[in-house]
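Shared chain: chain A. Partners: chain B in the first complex, chain C in the second.
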Partner chain A sequence: MDSYFDLLSVLILLSSFILVSHKRIKSYIKTFRIQSALIALTAGIMGFHSLASEGSLDILLVCAIIILLKVIYIPRLLHKTYGNVEYKVEKDFFLNIPLLIIICCALVVFTYFSVSGISSLSADHINLQVVNSFSVILIGFFFMISRKKALGQMIGFLVIENGIFVTAMFSTHGMPFIVDIGIFIDMITAILIMGIMVVQINEKFESININKLRNLKG
Partner chain B sequence: MNWFAPDYLLYGSMITYLAAAIAAIIFYKHPHLCTQSAQAGCILASVLGAASAVRLLLSGQEKIILKPFESTIPYVSVSMTMDALSAFFLLILSVLTLCVSIYSIGYTAHYHGKRNVSLFHFLYSTFILSMLLVFTADNAVFFFMAWEIMAVLSYFLVVFESEQEENRQAGLLYIVMTHLGTAFLMIAFMLMFYYTETFDLSASSQHIPETGRNLMFLFFLIGFSTKAGVIPLHIWLPYAHPAAPGNISALMSGIMIKTAVYGLLRFVFLYLGVETPWWGAVILVIGMSSAVFGVLYAFIEQNIKKLLAYSSIENMGIIFIGLGIAFLAFARENHWVGALALTASLLHCFNHSLFKGGLFLGVGSIHYATHTKNMEKLGGLIKRMPVTAVFFLGSALSISALVPFNGFIGEWLTYQSIFASISSGNAALNIAYIVSVAVLALSGALAAACFIKLFGISFLGLPRSDHAAYAKEVPLAMNLGSGILAFLCLLFGLLPLIPLNLLSRVIASITGNGVVGQLQGGFLAAWYPLKISGNNNAVSPLLIFVSILLLAALALAMLRILGGSRRERKYGTWDCGFGSLTPRMQYSGTAFSKPMKIVFKIFFQSSRDLKLQGDHPYHPESMEYTITTESVFEKYIYIPLLVWVTAWSKRVKLMIQTGSVHTYLLYIFVAVLVLMLYNRIG
Partner chain C sequence: MIAIINNLIQLLVILLLAPMVDGLIKKSKAFSQKRQGAPILQMYYDLFKLIKKDSVVSETASWIFKATPYIVFSTTAAAALLVPVTTLLPAVPFPGDIILLFYLLALGRFFMCISALDTGSTFGGMGSSREAMISSLIEPSILVSIFTIGLIAGSTSIHQMMVTMAAVGNPLFQPVFILTFLAMLIIILAETSRIPVDDPATHLELTMVHEAMLLEYSGKHLALMEYSAAVKQLILITLVANLFLPADQLIPFAGSGGFLLSVALYFLRVVLLSAMIAVAEISTVKFRFFSIPNLAALAFILSFLGFLQYFILGR
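On to the complex of A and B.
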């Protein structure tokens, strides 16, 4: 059981590395879809386990919602937004890809260093699943900082959210259903608003490079 | 069950203040009913509060503890303790509130139909309640909350007439300065918690090391001094007091700034304990500078409310001199002198609240009747508002420390405590004491001159404007309010042992020995000289008063006998056949203060400018004479500071707020990383 989770957490971490290494927005969306699918798989395994041991359907339901939202609906929404705004190719990142990867590695090491100090998480050994999923949060955040275009920020936000969700799942083995639902509703609202904002930014500046927002400063 | 026990009376007082506030809201559509119900509530509440305080002081009970309800928030407990010190300040608050509330029934009538009277009365009653809580709070957090509520409510009262730009600016300055002080208090409370791990004031402060004590003292001093308005933290006071409505100025000057004295006694004197002599020396120096500068600025002021505000700074200075002497004496283990100085200081607090309350009410009456605060537009009011004039004169005599009034007693005791502090050895301290006597004498004389100017220019002579010429006597309630205060000034001046006996219990409870026993003269037997044992200084206000009356009668009799039956003739002043005399030819307030402006040129930075128009200097067509004075503290301390802070903030703002979303994200990211690092190694 734990070995599955170890494997899945590593795969999720790997998917966020892949995300950072991509150069095109279409590939970001694809990677995000893969990551979400991996998370859905994790939730599914956990859900069957809890159905077998406690007879509760909660986590399976959450798994279904993840598949609906994060694997199907949001990537399609992102594609649509992308289709509305993207018509020229320009360099999307401040630092080059190898440097970004190295920084992300450093982030994982730093997370290991920080999280290993939490004694309640690691009774006898370091809880690697939490380290991996926590790193996903930081990498998602770092992704937001490193990308210039607004769609990059949207995806970074979604990856942070994924990271938080997996961290919660790995450290508690199933959050209360109502909390999960709340988080999903928050996320869907945020993504809808961001989608609209991206279109607006594109109309105003003829680009979705958010560095141009500097001009708004009074 | 004794319903007249101090704790029930105190509960009653608090509930009545709340009821007054609620009544103010309920009757918001009926201004008259609203004023009457709210102020009647405040009057009742203040009577209950005074009764509670006096009963506690007379009963000899050490303290009463009120705990209306338990709080589940950590470190916050709504608990109040009334010991003798709290009771004394509660007494000051209640007496002043009683008179100001009676006055307000008449005074707020001019707001009816023009302003939201309901809001005013709500703020008024809750403001008084917040001061009551400040005086009774017994843990630092609750004290802090009451202190902040007091600051915010008084801010709203200062800007109540907010359509005038200057009032809004005064309010802004006030709220900024008062929060500056609050910030320092907060640091001091945090230090308190850091060292003792409790906010309880009755806990021991033994474990606080020397540095911690000194730091806490400095923070408390700055925090409370800002509220007290002593120089150099006074700049809000001369703006806020004139901006507030008359009755609010009386409350602010009469009691709100005294919360600082209470705070210093409660937190420094009682909690920290006085062991280091330099604490007293610092307070003494602050007191001396406030006394002199306060009265100097008061003297040149033409705005009658501003003049009183500066005079409040002077009186806080005198109170701080007393406190400083007391702190020094206790640090040097001289308990008797310390107790005497503390008595003088607290008595002056009480006296100041009576006469300054009376003066602000009087000035409020002048403003009510004439709609101007400019002294140069007044004049001749004694004919038009005789009752106001008499009460105003009583308070003015009292603040000038003249004999049959109470101001004299407080200052006399302050002098005596300084004289008693001078002892052989330690020449530096002795010089400081002698200088402070000189400072006290100088400020006393200047204060008297200042109130001669205020009374003389405003009430005597001919009206300088139509406002003053058509002034009418104010309503009975207003005169009653200021009348009671003036009467109390005279009563406590003639029979000083009434307040001194109450005060003696306060001093006994906080220092261990009272002094009134050693001030000879029994209760009410004030004809017996008020004498300080140990030296031969004694005074009997009643005897002096009687002898003044006798001398006056004698002088009149002599005049009759020597002058024979000369007839009195009323006639216009001879004008040399030149033309009619106009009110503009009278001595003006500016002219009165001119000599002092020349003598103390360095503090006023005064400059004058005479502009002549016309061909010949001896036959000008028109002359224009302008005098400007500047406040040294604002010019050399506050304005440069303000300029620097503004420039620095602008620069830093440009550095931090780059406008780039990525930078903002980076801030959050770095903050998260730092927190994670702190989680590991912190």
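On to the complex of A and C.
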């Protein structure tokens, strides 16, 4: 049981590394979808476990919501937003990719040294899973500041949310249902607003490159 | 005495099987393109034909050019002696033989690079500079992943590592091993000049890496170079198959029956891995040369994260 969660936490971490190594917005969306599917799988396993041991359906419901929202709806929304903005091939990141990947690796090491000091997490497996999922949050932040385009930053935001959700899930094995629902509703609102903002920015500035936001517009 | 016989058996297995594995990969690629493809044994015929022919050597070439095919072949054959085909064939294990294995292959590669420079043709120079770049980019991930497995096994001898991995049972369900396994897959693709890094079927000036270095060779020399490339590929596949897909713990009985079963399982895993390589080749495109550092960084990160997971869990 625990070893499956270890494996899944590593695969989720790996998917965020693959996200950092991609160059195009379509592959960001695809990788985000894979990551969300992995998270849904984790929630599904946990849900069946809690259904068998306690008879509660909460986590399975959360899993269904993840599949509907993060695997199907949000990637589709992002594709639609991407279709609405002007397509322009340009360099999307500030540093080159090998350097980005190595900095992300340093983030994982940093997380290890900061998280492993928390005494209540000292059990082996939980410690590993929390280190991996906490690094997903930091990699999401770093992804957000390393990309120039607004859509990439939206994906970074979603990855941070994924990381927070996974950290909560691995450290508590299922949060209260109402908290999860609250987070999801917050997220979906934020994504809808950002999607509209991106289209608006594109109309005003003829690009979603945030470097160009410096130009004054009347 | 038995150890020497074991060594010879396993050298023969690898040397005889190597061209067929190449044929298997080519056949599965052809299958995906809806072609008939060359027969699986085609490389044996090619090698026989090439060995019967004379080789043409440029007048400006020095002894390095003529000696290189023999050096490359002998280092590869020596490396083939070090990789046990099954755990039941303990081929004189000594500590550090996995490091020796990778540096024997690197020695062959070094001579290949300087022989390509030797004739003074532009393609050779280009190919060898590219090959040097790729191999130096991929080397850190090789070292980190073999040292991770070495730390877990408590030894740098391949046989000991194989025994440890067989005791683990199903390594691919553990975080450390799945990460090193993925890193090793990228390493195989880069080391055997497969598609995301280099296209083995191309002779286009701008893209070839490995082929550009062999461009000046003909006849017997070419046969030796191509044969040793195939042997090197099988060595790496054998290593990965034995480390990450161990099957020797499944064999219920000892003796010669067990040995034959274990060799049969080895063939099965080699076929599986070559199918995986073919799928990786089919489903990706060749990278732009300056995108290869991204792939190498990913391979390094995979192996380093594997090391880190080992460190966190303390296994």
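As a convention for this text, the second predicted complex is superposed on the first by the 209 of 218 C-alpha atoms of A that agree within 3 Å, B and C clash if a C-alpha of one lies under 4 Å from a C-alpha of the other, contacts with A are read in each partner's own complex, and residues count from 1 in each chain.
Quick note on the criterion: a residue touches a chain if its C-beta (ideal position, glycine included) is under 8 Å from a C-beta of that chain, and two chains touch if they have at least 3 such contacts.
This structure is a prediction, so every number in the text was calculated from the model and none was measured.
Aligning the two structures on chain A places chain B and chain C next to each other without any clash. After overlaying the two complexes on the shared chain, residue contacts for A:Ser53 are found with neither chain B nor chain C. Rounded to the nearest 10, the angle at the Cα centre of chain A between chain B and chain C in the chain-A superposition is 140°.
Looking at the shared chain after the overlay, A:Val108 reaches chain C, while chain B stays out of its contact range. Legend: residue contacts after superposition of the two complexes on their common chain; A:Ile118 is shown touching chain B, with no touch to chain C. After overlaying the two complexes on the shared chain, residue contacts for A:Ile145 are found with chain B alone; chain C is out of touch. The minimum CA-CA separation between chain B and chain C in the overlaid arrangement is 16 Å, rounded to the whole angstrom. Residues 116 of chain A are contacted both by chain B in one complex and by chain C in the other. Interface residues of chain A facing chain B in the complex, by the touch rule stated above, are 94, 110-111, 113-118, 138, 141-142, 144-145, 148, 153, 210-211, 213-217.
Against chain A, in their complex, chain B makes its touches with residues 657-662, 665-666, 668-669, 672-673, 676-677, 679-681. Those residues of chain C that touch chain A in the complex are listed here as 173-175, 178-179, 182, 293-294, 296-298, 300-302, 304-305, 308-309, 311-314. Chain A makes touch with chain C in their complex at residues 3-4, 6-7, 9-11, 13-14, 17-18, 21, 96-98, 101-102, 104-105, 108-109, 112, 116, 124-125, 127-128, 131.
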